[in-house]
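Right after this note come the structures.
Paired with subunit B in one complex and with subunit C in the other, subunit A is shared by the two complexes that follow.
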Partner chain A sequence: MAQTSRQQIHAKVVELARQLGRDASRLSFDEEIPAAGLLDSAAIMELILWFEDENGIAIPQEHLTLANLGTIDAMSAYVERAGRGSS
Partner chain B sequence: MNDLVRDFREELKKSIFGCLGEPIGELENRFPETFSQDFEEHLGLLRRAFPDRPWPSWAAEGFIRFNREILREEKQFRQSGEYSARPEDFDRILEDTYDNADVMQRYYLVGLYCSCFVWPHHYEILSFYREAFLNADRREPETLSEWGVGHGLFSLLALRRWRRARAVLADISRHSLSFSEAILTAAGCMGRCVARIGDVTKEPEAPPADRIICGELLEHVPEPEVLLDRMRRGLRPGGLAYLTGAVNAPQSDHVSLFRSPRELIALVEQRGFQIVRQLAVCHPKRKSEPNPPMVVAMVVETAN
Partner chain C sequence: MPTAIYTPRVNNNDDTVRLAAVLVAIGSHIRAGDPIVDVETDKATFTVESSTEGYLLGVTGKPGDTLQVGSVLGWIGATADEPIAAEPIAPAPAEESGAEPTLKAILLLKAHGLRISDVPHTGRLTASDVERYAAGRGRSSADLAAGEKWAAPATPGHIEPFTAEQKGMARTVAWHRDEAVAGYIELAYDPQPWDAYAAEFQKTHGLLLSPLLPLVACRLAKLAAETPRINATAVAGGAYLYRQVNLGFTVQAGSSLYLVSLRDAAAMSEAAFVRELGDLQRAAMKHSLKAEQAAGVTVAFTSMARWKVVRHIPILAPQTSLMVAHSATVDGVAYLGASYDHRLLTGFDVAQVLQTLSTPVSIN
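Showing the complex of A and B:
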């Protein structure tokens, strides 16, 4: 299963933020995405749907936590664990 | 902020969808004398009605999941311009959704209940319901009927307003009836209610009522015109009905697509109703979109 890189996730966040008229280019990989205020709930959903599609995974409701998916680093780690079957 | 509202909002923030709780603060500013107490009271009722559910996680997670599924449907709708479900899918939806405890009891009904307060346009609808329907300048009703009672909130508000009225609660889902019965029991109103399971577009018609409440049902039925015809016959002369319809508002169990408020209003008038009051709303952050999801609420009477 292909794993999205941190850079790819960042690029997607930048793209979604741009659609809302916001600049996410300076978002760091360990910065909390919801707290940054760059994406609304619809955009976060788009991000998650894209992340699922790109990685061939379905994220259970109970995994939608800040710890698992709140930062680019966390998202990358999550898909690594999913690839090892240990999410 | 009251305790239950605060706890609910803090629980939302544990999720990546914490922003779903932002309207709470905005609504507190917009309705400073009513919103916070209103939401607190109804969260308290939810908690008393379902004491075995983990709190506040059940409500918060239900609300998140309800939103998540709608956002997924909205993405599909933007791409296709059509709802994912069609009228011919109704039987499947009945099995997969309305008869499914894992959906209805776990998140659908509690998510929908919370949306009445947390979605700003739905809270506007609730305010309209209270002002234009419950406080309409008419003789107080003796009988009321809610078609598609769902979580029971609208019947609850009606029974609190009209303290001598008796109600029939109708729904196709036994889970909805169970949920609304729990809410109304916790509120001390269930003694004036009778539950009736079945499809209101197909079941034998009940005696006419002074008031009919039919919120968020038109878009769920394969033949909304049949629903409206039955509603016209189900209303006593001089009675009032409250109904809402969704416009461009995808949801996995929405099968009848109304593309504009005008289309919906025209259908209601064609089926023999006169609109006494109406309100069309969308989420305030989506007003600039070309075809945002909307709700149209109407207080109607039968046309002469």
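Showing the complex of A and C:
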């Protein structure tokens, strides 16, 4: 399964933020998503579920850390590691 | 031989009722289901309906009189002049009652179109006996709540059948309405200490998601273990105190609202609680909860802060006595509310719980 690009992740963040009445179009790839205050926990959970589904992976609860998935760059790196079987 | 009408039990704790009103003139023709008399206690009023077609031959006593539960309340005859048996008023015969049914059982019998003798039971017939028997026939009170008790509207339209989740909600709402004696109170508090505590916890554990709500729910689980009556339900014999805390937590997944059940939650550390609840939340959002992950809740927590709701009155989960409602912060003030079963808890009890819950305490 093809890995989601940073642009695709960004577009999903923008879509989820819009549902909360917020504009995430200026979120940079290396900006911490929770700290940006654009998505609440439930929306970040939706983002993770979408991310799992898009990439055909299951992320263990203990991997839900800022280091692993806190930015768009980190998410992209995580799925690359998952593809190599070393997440 | 005239048919006897027996005095029903209106409240579990009252062995007598007062005859409030006779609704039909003696000698009148009545059909099955017609109201005959109102009886009452200090807590409730109940309308006794005819179980058969015939003529009302007589009613025992006059309005204001006290009647023994299970005694003969009146007689219905095939003709208006049929003689009433001359023997003294006797308790209901064993074949028909064993002991007299509970009021809830009587209502369910009527709703299901059953007679007492249809339902296998030992001792006093209870709502659970009727539910069990009706469920074995493929019907439940949720079905009734969802349809049969509701009259069809006169305005043209069509029926869209309830989903399984909507039936579950109908069952919950029906329990809240029919069983619990629900009250609600709320408390204003400063949310800053909890926000700071959650932020520190998130930083320490490097968490992606804010642990605020799970941490407040975890505190509630610990409180429930320390305060057994908020981890309980009312049964005929008294308060049923659960041996462990199964923390219910609402999860909105699209248009579905789940109440996930975190079992033995009070035994967990905060970190384990946050992790385990996270797993349940994700399962709910994927609509892949196992049956046991949404059952057996003993105390519950819900939040509508996400939608900027500042106060909401939760529906009690079946067979619980407390559900705490967390809401949004406005101008530095937030509210913790709680629906509670007044049979087990007073407003004072719940205020103390909310007061304690409004401030974080490190519990590890």
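Couple of notes before you dig in:
Throughout what follows, the second predicted complex is superposed on the first by the 87 of 87 C-alpha atoms of A that agree within 3 Å, B and C clash if a C-alpha of one lies under 4 Å from a C-alpha of the other, contacts with A are read in each partner's own complex, and residues count from 1 in each chain.
Going forward, a contact is a pair of C-beta atoms (placed from the backbone, for glycine too) under 8 Å apart; a residue touches a chain by one contact, two chains touch by 3 or more.
Predicted model, so just to flag it, every value in this text is computed and none were measured.
Applying the stated contact rule after C-alpha superposition, one finds that A:Asp73 touches neither subunit B nor subunit C.
When the two structures are aligned on the shared chain, A:Pro34 is found in touch with subunit B and with subunit C.
After overlaying the two complexes on the shared chain, residue contacts for A:Glu54 are found with neither subunit B nor subunit C. Residue contacts after overlaying the shared chain place A:Glu15 against neither subunit B nor subunit C. Overlap of the subunit B and subunit C contact sets on subunit A: residues 34, 40-42, 44-46, 48-49, 61-62, 64-66, 69-70. Looking at the complex, you find that subunit B touches subunit A at residues 14-20, 61, 64-65, 67-68, 71-72, 74-75, 285. Residues 34, 40-42, 44-46, 48-49, 61-62, 64-70 of subunit A touch subunit C in their complex.
For subunit C in complex with subunit A, the touching residues are 205-210, 212-213, 252, 275, 278-279, 281-282, 285-286, 306. Taken together, the subunit A residues at the contact with subunit B in this complex read 33-34, 39-42, 44-46, 48-49, 61-62, 64-66, 69-70.
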